[in-house]
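A, B, C, D, E and F are the chain letters, set down in written order, and residue numbers restart from 1 in every chain.
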Amino acid sequence: MDQNPLRALWAADKPAVNGWLSMPSAVSAEIMANAGWDTLTVDMQHGMVDYQTAVSLMQACATRDVTPLVRVPWNEPGIIMKSLDAGALGVICPMVNTRAEAEALVSSCRYYPKGARSFGPLRANMRYGPGYAANANKEILVIPMIETREAVANLDDILSVPGVDALYVGPADLGLSYGYEPKGDRDEPELLEVIDHILAVAKKHGKYCGIHCGAPSYARKMFEKGFRLATIQTDAMILMNAAKAAVKATKEGGGDDGGAIY
Amino acid sequence: MDQNPLRALWAADKPAVNGWLSMPSAVSAEIMANAGWDTLTVDMQHGMVDYQTAVSLMQACATRDVTPLVRVPWNEPGIIMKSLDAGALGVICPMVNTRAEAEALVSSCRYYPKGARSFGPLRANMRYGPGYAANANKEILVIPMIETREAVANLDDILSVPGVDALYVGPADLGLSYGYEPKGDRDEPELLEVIDHILAVAKKHGKYCGIHCGAPSYARKMFEKGFRLATIQTDAMILMNAAKAAVKATKEGGGDDGGAIY
Amino acid sequence: MDQNPLRALWAADKPAVNGWLSMPSAVSAEIMANAGWDTLTVDMQHGMVDYQTAVSLMQACATRDVTPLVRVPWNEPGIIMKSLDAGALGVICPMVNTRAEAEALVSSCRYYPKGARSFGPLRANMRYGPGYAANANKEILVIPMIETREAVANLDDILSVPGVDALYVGPADLGLSYGYEPKGDRDEPELLEVIDHILAVAKKHGKYCGIHCGAPSYARKMFEKGFRLATIQTDAMILMNAAKAAVKATKEGGGDDGGAIY
Amino acid sequence: MDQNPLRALWAADKPAVNGWLSMPSAVSAEIMANAGWDTLTVDMQHGMVDYQTAVSLMQACATRDVTPLVRVPWNEPGIIMKSLDAGALGVICPMVNTRAEAEALVSSCRYYPKGARSFGPLRANMRYGPGYAANANKEILVIPMIETREAVANLDDILSVPGVDALYVGPADLGLSYGYEPKGDRDEPELLEVIDHILAVAKKHGKYCGIHCGAPSYARKMFEKGFRLATIQTDAMILMNAAKAAVKATKEGGGDDGGAIY
Amino acid sequence: MDQNPLRALWAADKPAVNGWLSMPSAVSAEIMANAGWDTLTVDMQHGMVDYQTAVSLMQACATRDVTPLVRVPWNEPGIIMKSLDAGALGVICPMVNTRAEAEALVSSCRYYPKGARSFGPLRANMRYGPGYAANANKEILVIPMIETREAVANLDDILSVPGVDALYVGPADLGLSYGYEPKGDRDEPELLEVIDHILAVAKKHGKYCGIHCGAPSYARKMFEKGFRLATIQTDAMILMNAAKAAVKATKEGGGDDGGAIY
Amino acid sequence: MDQNPLRALWAADKPAVNGWLSMPSAVSAEIMANAGWDTLTVDMQHGMVDYQTAVSLMQACATRDVTPLVRVPWNEPGIIMKSLDAGALGVICPMVNTRAEAEALVSSCRYYPKGARSFGPLRANMRYGPGYAANANKEILVIPMIETREAVANLDDILSVPGVDALYVGPADLGLSYGYEPKGDRDEPELLEVIDHILAVAKKHGKYCGIHCGAPSYARKMFEKGFRLATIQTDAMILMNAAKAAVKATKEGGGDDGGAIY
């Protein structure tokens, strides 16, 4: 088993541009796998994707050897372990608000004695080779999401759980829990402060931070702050927005249609 | 059965902006169905879509009542009839080069006595109601593709086959057959002349013309010439190009990221 | 986002005739969507349907704009939130026996501050429009199932949980837990009394009641009692029974075959 | 390989009650396989079913060992041979109007020297055992559809093609070609005469006849005439009609709801 | 409902040779169903299989009436109950380490009053007939996996839970938890002693034992010890190893290619 | 677009060991893609695979960059062109018996002016890069099957069609057409002579030859004769035979179970 490419990227202090697979199609996923993303996250939470489809999406990632991550639907051992067996090299887990929840997450991701992951990595073994069993605990990334006021209050607790490798900020839920409307690319001063705080605490613990973004320019700002993974939208939103733009430009004229988009 | 909405649009002398479904996913198709296209064509020829998937894609079109067309893989009765039974309101057929081929196409699309379509419109009946049997011959659009030098030579023959409603120009194959490389949005004078000629002959026969386009601005030019249906790319290319643009803008900066796309 | 049609129906004091989708096919679901049901419930518990299929079934409902509900397999946040993201306008949850279980259910169905539902309603947003985020807490129906003796004992507790909108009676499990055989359309006096009691307590709390039925005539009796939603069988049983009847009538004669059935 | 059960039934002069699989779901097909039909026909022509789904439907038939037939979408060697490899024990082929078409059909269904079927019966071999290769030519039923005026004119020609085992009457298309509206259970004198004629000519050639029916009572009349296979509707129509009846009975009362249907 | 064939086998003191379905294909499962296994276990834990696919795999088992078991992904009521509704005749549950976990497992598998399984056995009822409701509690096998040091310490506790029918040893996880590398066919003296101990305690409680094996010869040794169910590898590993052997023999010569394998 | 790896292998006078994908599962295909085959052929003729599945199987090949070929169900332009668009680098076509059939096959595989393949290589373009359009005619392999007495008689005719790159011998059908039973690994002197003759005529025309084999040792003999591609069985038969061997070895003992197989 080679080093997890996302670990390698981070070891070289490089940020990862992450794509988001929320459409349940190995064909759309293969298109995404050919678009230049450093990593692709199969979203089994808000994506319209469940486990069986997730296997297909990870196969699609493998056609170009793009690093596959998953966002699991919930902090539940069954689906976390299945996702890892299927070849995910990192697990983004929603709504990790307490130390106990972080410990449970790590336990689902690590083999004994670091956790209670059950052994049987059928596809992972095939994909990453015979060293998988020995190296999985070291290579798999465990990434709790910080997306509530409670999680922010418990940051030190969560980050001090051995096995937590990085955090992933969910701006819509985070905003909601601070009383703002749910959306991405937060610009409210209070939330920007919270986001900076999360990043600072993570750094203090020697951990990496990722964040879900909308606009590329916002992601670039996050990289400048020190985030080391940024997701741009989702495949579904990219398709929706570009399709709407194409229709609008055809019906109304205007718009940039000579370039990369069409 | 209501009037075919594409016939209604054309009767009002309005052009149709057509989307192209080449990804085999009812979810990506539902996204397309929410993007504002007048019509959506399920592409069973070059799209990565076969009949079973086509049924799902037409269901996705029905969630917003977008007019569903199909491009069949070949001028073969089995698949043409199945596509119509599944609810297609128009059939775009590749490589119709001769009068005999146009007659065969019409025969597959029309019930006796105008053709030899077999009766059993399971989903079409459910979707369009009990008048389907009586009105299908009148409402279904039969649209041969003109995409070879041979077809251009036989335009009058093809257009004089009763039941041919419109033509659809395939610029890549058309270019190939005139010795140019295969691509869209032709700007070679010889090909532009051919395209104008096709349109003119169709008009002479009182028939409509559609064309496959890349850029919205090109489609607008075609509408100005008199084309009454223009396709913008495919769902797959829209996703690919927009995803690449998102990655590039994130990695390199620049690009328009504050608008509709992200 | 428009008002939830089931809420509108209830506001007008009208009962809902609910169909039950237990076959994993978007085609059988589209047939059901054309049969006149007010609402259709995708059954992920006893139906042979999981999440990925449920998305397809909700797409099928959307072809006729029939109100989609789900019955989730269990009171588990991951699947409840995914079902809502996929467009369910109500959640029927099995085996809610205590106040704590009712609270957990509501929490999974409501955004902060009324619950802990995570934000990311991909398909719901597309289907119900930009007001979804602001109105989901108000429009989504939360419907615990009352189907054990324990739940009956805790009715006041369950109904006093803010956010519980209605109850759904499961007669087979309810009967089992009172020592009767598991079946529908209960006629045992003790069970009828229990059912009347559930309805009465719900009314006292100003909440609606639904019930799973077999025969239309039984459902009509339930409507007369005051139930405001009744399910007739399942798609699977309707097909099975009608197919058996068709075979029997063909082999043995007799039976009503001139009417609606064949 | 055992004797084809449909041949056995016919050898005993018993009629077959045939179910029709037009929904693309192995679950609905398994329900049909438990409903008592003698044979089940996977309809790849007007059914919403293609080859890949047909394999699943034939697996569903095998859960109860119901004899699987197929109706192919067209008289095309590729799909006919694939259907047989997948385990079909009989091929109903639409629109066989001439001797040449009947010969082509037989050729696709029989191994050398009786035809040109290519060898490779993967699932058939597994299902029917090692004698399949030796017995397939003898056991597989070849059943052209008679559904046009032209076919009726060519009946003797078609029936004298060696390898044709039976005919299947398609009443909707047959009616159309005689100038009537397309529907089942014909009662027009001219058409009843045509149907009697088809049966008589088939008998003269020592061949069996099947027919597509709607009502069980109509099928029984056809059995009395001498037809030896009758199809009752389709799974899709049975579901649709029974679901509509259930909704109607619940909304309006009346209807038979105490019996087999609900 | 007939007696569970695995119970019958065990009642006759005969061992069961169990195949393992980890590939998500009804076709590969049907191949397995024709290979002579006494039972087939659909593995929803480490297999690349989720619920929807599991239904298909159980249908494939039914084509040859091979006894279907499932391994569930986790000790979670929703998926356990769904698996039983789909027709599983036994549930192997991973990581049952305590009495409470064993009780929870039994509760999910048994109807009231022996547990809290919810009633609605759609496919099971269809497959096993009307006696299913009355006999399921008696026929369904509940089989916790013993695969940690903790579970071994709690053996008496686990085995004394009413409703536990048998144990299934997971040698890879078991080894891991004792500090060995994760693999099958353990030969370390300490682990062999543990395995013998598990078997002995099970026997003391009058319960059966199964074990996951690699080589047939190892399985035979386990049978001699007294194990009454042994799994040989998985379908995936059988395919992988045999395919690799075929390639190697073709490229390098040698190998046994005249016999059963090719 | 790189050189077709199978052309490269042949240019280096090396034989290709070809695997055969007849199971409709991207998971079993990915297992095959990890087993060491030089090329993998998606069998849409006798395999239980149609186009939509074929796309998935070619994606599975791409996870290890194994060269994907297809066997099409029939010499029909629609499916041949779709297979190439999906990324096949070679087309094996059954039952090519005449010069006209070989010409039709080539025409479906080559762009103008060498043929009439329609342009739109969606997945091929994505997989093989922007040079695909320019190089496809040069790189794609066109491989008619020689499997009848008629084809043998027309060998020179078939081989002299420009664009035919190689032949593929189908021993079962070939044997049938010479009056022998259908099986592989022919050892009848007459058939061995025919096979040698086919190889000799192909060599005379400067073309390559492949053959379908059962045993690796037989394939090795074919390589020694000069065949440059040999298929070993199918994935389905490999799984079936190895599974049966595993059951037998467990039930009866004996057999080689310590080595590569288990």
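Some notes on this structure:
We take it that a residue touches a chain if its C-beta (ideal position, glycine included) is under 8 Å from a C-beta of that chain, and two chains touch if they have at least 3 such contacts.
Since we're looking at a predicted model, the values are computed, not measured.
The chains touching chain A as well as chain B are C, F. With steps allowed only between chains in touch, the distance from chain C over to chain F comes to 2.
Centroid distances built from C-alpha atoms place C farthest away from chain F. Summarising the inter-chain layout, the chain whose CA centre lies farthest from the centre of chain E is B. Taking the mean of the C-alpha atoms as each chain's centre, chain A and chain F sit 41 Å apart. Taking each chain's centre as the mean of its C-alpha atoms, chain A lies 52 Å from chain D. Centre-to-centre spacing of chain B and chain F amounts to 34 Å, using the average Cα coordinate of each chain.
Residue positions of chain B touching 2 or more other chains: 24, 27, 31, 34, 48, 50, 52, 55, 76, 79, 123, 126, 236, 240. According to the touch criterion at the top of this document, the contacting chain pairs are A-B, A-C, A-E, A-F, B-C, B-D, B-F, C-D, C-E, D-E, D-F, E-F. On chain A, the positions that touch chain B within their shared complex are 17, 19, 23-25, 27-28, 31-32, 34-37, 48, 214-220, 230, 232-233, 235-236, 238-251, 253, 255-262.
Contact residues on chain A toward chain F in their complex (touch as defined above): 26-27, 30-31, 34, 55-56, 59-60, 62-63, 123, 126-127.
Chain B makes touch with chain F in their complex at residues 22, 24, 45-50, 52-53, 72-74, 76, 79, 94-95, 147-148, 170, 172-173, 176-177, 181-182, 234, 236, 240. Of all the residues in chain C, the ones that touch chain A in their complex are 50-52, 55, 76-79, 81-82, 85-86, 111-112, 116, 118-123, 126, 133-134.
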